[in-house]
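You will see two complexes here that share subunit A, one where it goes with subunit B and one where it goes with subunit C.
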Partner chain A sequence: MAKIEDLKEEARKLLREGKIKYVIGYAAGTNGWMASPIFIKKPEDVEKLVWDPTCVHNLSRFLVDEKRRKEREKQPDKRPVGIFVKGCDSRAIVVLLQEKFIDRNDVYILGISCEKGGVVDEHKLARKLEGKKPKKIELGDKGQLVVTTANRKAEFPVEELLAERCLECRANFPVISDIMSGEKIKRTVEKPFGSVEKMERMPKEERWRFWKEQLDKCIRCYACRSVCPMCYCDECVVDSINLAVSADTTAEEKADKVKWIQRSAESSENFVYHFVRAIHLAGRCIDCGECERACPLDIPVRFLNKKLEREAKELFGYEVGFDPAQPSLVSSFRDDDPEDFIR
Partner chain B sequence: MKRTGVFICHCGINIAGTVDVKKVAQELAKHPGVVHAEDYVYMCSDPGQNLIIQAIKEKNLDNVVVACCSPTLHETTFRNTSKAGGLNIFRCEIANIREQCSWVHKDKSSATQKATKITKSAVEKVRRNESLEAISVPVTRRALVVGGGIAGIQAALDLGNSGFEVILVEKNPSIGGHMIQLSETFPTLDCSQCILTPKMVEVSKHPKVKLMTYSEVQDVSGYVGNFKVKILKKPTYVDPDKCNLCDECTKVCPIVVPNEFELGLTGRRAIYIPFPQAIPASYTLDIKACPGLMPIACGKCADVCDVKAIDYDMKPQIIEEEVGAIILATGYDLYDKANMAEYGYGKYADVLDGLQFERLCSASGPTKGQILRPSDHKEPKEVVFIQCSGSRDPENHCAYCSKICCMYTAKHAMLYKHHVHDGQAYIFYIDIRSGGKGYEEFVQRAVEEDGVLYLRGKVSKVFEDKGKLKVWGVDTLTGKHIEITADMVVLAQAMRPAQGAQELAKKLKLAMDKDGFLAEAHPKLRPVESVTSGMFLAGAAQAPKDIPEAVSQASGAAAKAVTILSQERLYHSPTVAKVLSNLCTGCGMCVQVCPYEAIAHKDGKVEVNEVLCEGCGTCSATCLRAAIQVKNLTLHQVHEMINACLGG
Partner chain C sequence: MEKILEKRSLQSWMKKLDSWTIYAPRKDGSERWNYGIAQNDSVGLNFTVTTLPAKALVFPQREVFLEFLKTVEESQETLKVNEVIPGKNPVVIFGVRPCDARAVSLLDRVFSGDFVDPYYWARRKQTVLVGLACDTPPWENCFCLSTEGSPHSEEGLDVLLTDLGDKYFVKTLTENGEKLVNLAKGLFKEPRLEDKKKAKAVHAEAEKKIVRRVKRAKKDLAAKLKGLFDSPLWDDESMSCIRCGICTYLCPSCHCFDINDEVDSVSPLRGKRVRTWDNCQFPDFTMHSSGHNPRPDKASRLRQRLFHKFQYFVEIYDKTMCTGCGRCISLCPVGIDIINVLDKVSDHGS
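The block that comes next holds the complex of A and B.
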């Protein structure tokens, strides 16, 4: 059983000894039940850390911000940052390492295994509780989820409450860490791409209608991009108003910024935005599902990425985020590549 | 706005037949920034080019667009024309309205529309071109030749005689390649050794040639004109300067292994000289066969060596050299006979391959030139030769024709008849390919003068029966099954790229064709150049070849290498990749995809080595952030070109 106490002890020690700059973890949320990210700088605040199935956030996104901050500072504090990661989050760190965006010495990874659990899906929970507000959600010792509301305690099998991605997860414990709590339990996932397969079974026209309807909703708030640990580009090729300017950027370069899509949230532009983003995440997305969670319009963005994850696996045997030393999907080439998809 | 002139070529009726060139000119004249538009029947002709020069001067043009054939044909022509008019060559762009328009369309009005769009997009592109100057680099005026067979020797001699230093690297203990194993050569039947050994001596004594035998190329870095080569010199454990070839060491060596030079027909000792005329004339201690390099293990050879030439402490050496050009002459090996189970190779001692038969015919061979069966040392009275053994069989073996087998099999049959007058030679063939000077006459001579029996068909099976070899085949001319009871069977095995050549090609990043032979840059117009500039191909490394072809290709490769070595400086196209450092995050995907190793990590970003970069754009296509772009083909230019095509 994963114990947050061990990790807390380690975090406290590291902070006390000044070995890390701060710890990014989860604390009880303001709404009472959903955990929210917390930055802890003082050893005495470590007490605030929590670990339960509501710790949905992929905190590795904050490493991107940390890097930016360091780049801006004249004399940056180069100590590593402590970070709590689940299995999926740890794979995001692997990709960041693989792409040399961060250095292994920049992070101190405190890993927690989800074991047989995962994180809950807010929507599923709301439906189950029929509007009642949960107070506490725990993983029970029989692998069930125990939900406490104001007047009762209910138990549910994990399948009924966990996020779809957790049910399809093949890395339920951290693949990289400096200290880890919990067991490295391999769980059997019968259909790792079950949700995609369901989508693929739709006839073409219906699928088109479905996506058109979904993407027409998009208001291009870029929440999916902002929450994604892989969307760390300074300038987004499919965002015509975002421009990375440095001291040596010439006026000409600014003028030459290509506007591949328009700013307006129209159907065609939305399609280009989402499809380019999906392609740019091919072989990089680790399926933390944050894009979909952050979307205020409930667009099922995750499917696009999941589909490409599957293509990468089936066509090239490529799995994301397990080995920081492996070349990235789009930059690797094998002599024996059958290139079937071209014919 | 920049002033652009547009010139539309009729290309006779090649373009004008499908595209209304006048209309294209009219349309372009209306395009913003275009101050001059005209058409002409042959723009590449002298009067055509003069029109361009005149317009540049009279209309004070900044840019030129020529709408004509593919840029591979006349880009250089028109860029030089623009230069003559006083413009930077990158102020000229080609709009391909022939291969990409008139030749592939029939409908005149749509073709005209398309030609207009293509030309407009070129106008948009050229307007945003940078005026670049060629990148120049000094040249290391030395060459490396890999492979010491006839092709490598010839290339090294030609380069040496042109006055350039050459390093000739051979992986075996002696130079000479497969040619030195041959008995006689077609179609003149002159002795192979007699014509090759003088060349071997010449190359070894050539003041400009540095010979490195028993050595292998380990690594090549750098670029045309400036390669850095690492060569592994394997230890022979014998000092060639001290060795006086007394041969005492082989007499005491207790180890016997198959002799590679005799293709296993005889044995050799662990310490050996490949053949008496070997160059360098010295012994080699085969470490794989030797029981151990210490007196306690054996040490007999060192004991008997009076001149103390044997040095067990010799170590492998890595020698680094700098060269400006590289010639690959890595040669061939015969197709593995283990694949020819139906012909009983390996099972029956009297089933031989062509090279083994050469050794049997050779005066210096294991039988001193007598043709005898390996099994019982008796003279074979009936010999079956099987052509296309492993060649021209896409289902089971190699799809290609090995080219030389028709000729050497005719030669083998002839030589056999010259040795065994009362013998009978049979040749199974698919068809006879005897193109070449004196080749057809040679085959005819085999049939008419030496009574060789040619049977058109394939052999299905060879098996042993009462001490003889039964050959089952079919004569496709008569449709009859044939059974021959033979004393010996000789297989004309297919030619394959030499062992290790593919690994070397990968190290050198040379392209290979589907069969593993080194790929030429263009099958017709650049047959001796590899895809990598500064590396050239000679001999059977590129494709199956006979001796005259290998020699002429070697001389061709040497001449091509001289075109580089004779320069003081080399000029490199400046349309190379450029990093936009504000966008680069240093993820290194471009570093991994670059086929030329032109990109490297530096200070958290990447950096392009402009001399190595060929401007292929693979990096640009890979980069998620558009942080690396090829000069004069930037995303901005592509975007504007697309806009122009869409009518924007």
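The block that comes next holds the complex of A and C.
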């Protein structure tokens, strides 16, 4: 199990020397077993940082906020921010770099390897504990997960508690970092698209029924979009205001704006929202699974993105989030790209 | 009145209420509970808490106000407008947690007063709430005792059930509640003294199990907040906010809405005027058509949520617009904890 003492020391040093603005990391949560994001400005607060299988969040999402903040400020502090990343999170940073949304000098990456672990799935954990509240969750030295509750300590094989995306992960350790802790080792993943394949085996009608039922639950709180580091558009098509207005925009222009989607959380509108989002993430989603985790109604949104991830791989041999210099999927083509789907 | 109902008779009671549409908590293929129409399957009340509060049934996320149709005949334009007020559909909601019922009574205040909302009341007047007292806090972040509530609060409910093991202690609280019980008289028994004692014991025990508390009380907190409008506290506390709508959409007492015309056809012009939930945590909530946004950042939006609940609402109604259900804490994807933020407000400058 990776230890973050080295990373904490580095963070402390960087803050003390004023080389970074602040550090985005994980601290113990106050609302339950899960860690919470923390923003550390003072070297003495570095002590609050934690690392365990409850550090589920993809913190790279906060780099989007940082960029916006800098844009708003008259004299922005241009120092980099320190950020703790797991393997999946580091791939999100790669995409942000590849798309030139951020610059490499904007971030100081403190990488942690999940090694043969990963992050815990809330529902799997709840089922195992049958109502008992976990106090502590650690990765044991034999690669098992050790869960401590009020009156007992239980051990589980990782497969029984880890999030599905961790079990299909192909980058257990950061692919980009300034300093890294832990070993560059991986769990063997036999079926990286196993969950999608299961979904695909459903007969068409059944699949339609499944998705209709799932998407009908959507209340459009947009947590899936909000938690996503790739959903950084200034104007999102689903917002009630999706037309950039200026002092010169006329009343007619405002009235004539095309309304692509209604606010009503109904089948048709929910389908538009989720499919627009899925398409916009094709070749960009790095499968951190945050969208699905954040959903308060348990809509399995991750499948939509995973399906497109596979299409990109199978059709174009494109794998996302490993190389910042690689041209992005939708802005590049090769002469031998398949085109038999064009009819 | 007070009665006893055997748990196995709950189903028979529901069957007697055949002129009502009955909602009860159920798991729909996922791990979470939500209200669904109870059919003839075995609906028990062995749920924890519904993700969507009872609010969603009395103040639905989408509501049609009116339908419009514009026709042109021989260059004569006619506009037909048809107001849509919810029709007759009496509803009983089983399994309402006391915090969620108290929240409905807050909504009642909001939708009354100078502007009585006909759409809300058409639904509300035909809704009967059958509550279930919490014997153990359904969420570890429950804090109803800090919001003038309790796990067995009766406010807003028509009937309160208390789980006594194999039976429910039934207390009717309104005429509507009595009506429900009287329709199935044969199923209910008179409580014995020990049943009453046991119900009281369950209530007292439940209060002890609620561990989370807000430091300051209503008035005191409201006064303290007032002085902190311009504090840097909001910047710090909102750093991890991702501006999603979970805390507000799933809040049992948040009630902001938007009204839009949904055009189904341009020629002839046909469509509906629709009310949908809106959300102060979305950046476009306060966006002016000029492009100016008076609440431009996460800090001002988090501050708004807390001020509305613990300051403005207290000034207007002498109530906090929070019933301590704990949803916003337990479901926040980034662990923003309203109790912590309120306590930081309390401690600020001291």
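The rule is short, and it goes like this: the second predicted complex is superposed on the first by the 320 of 343 C-alpha atoms of A that agree within 3 Å, B and C clash if a C-alpha of one lies under 4 Å from a C-alpha of the other, contacts with A are read in each partner's own complex, and residues count from 1 in each chain.
Methods note: contacts are C-beta pairs under 8 Å (C-beta built on N, C-alpha and C of every residue); 3 or more make two chains touch, one makes a residue touch a chain.
All values reported here derive from a predicted model rather than from experimental measurement.
Of the two partner chains placed by the overlay, only subunit C lies in contact with A:37; subunit B stays clear of it. Within the superposed three-chain model, A:297 lies in touch with subunit C and out of touch with subunit B [touch as defined at top]. In the superposition on chain A, A:331 contacts subunit B only, with no contact to subunit C.
When the two structures are aligned on the shared chain, A:222 is found in touch with subunit C, with no touch to subunit B. Put simply, more of the residues of subunit A are touched by C, taking subunit B and subunit C as the two choices.
Residue contacts after overlaying the shared chain place A:202 against neither subunit B nor subunit C.
Of the two partner chains placed by the overlay, only subunit C lies in contact with A:266; subunit B stays clear of it.
In the superposition on chain A, A:185 contacts neither subunit B nor subunit C. Counting contacts as defined above, subunit A residues 244-246, 249, 259 meet subunit B in one complex and subunit C in the other. Taken in their complex, subunit A has these residues touching subunit C: 29-32, 34-39, 57, 61-62, 65, 72, 123, 126-127, 133, 213, 217, 219-223, 225-227, 239-241, 244-247, 249, 254, 259, 262-266, 290, 293-294, 296-298. The part of subunit A that touches subunit B in the complex is made up of residues 99-101, 232-235, 237, 244-246, 248-249, 253, 256-260, 280, 327-328, 330-333. The part of subunit B that touches subunit A in the complex is made up of residues 580-583, 585-593, 601, 604, 622, 624-626, 634-636, 639. By the touch criterion stated above, subunit C contacts subunit A in their complex at residues 28-32, 34, 51-52, 61-62, 140-141, 236, 239-240, 242-246, 249-250, 258, 260, 262-263, 274, 276-277, 279, 282-284, 287, 289-291, 296-298, 329-335, 337, 339-340.
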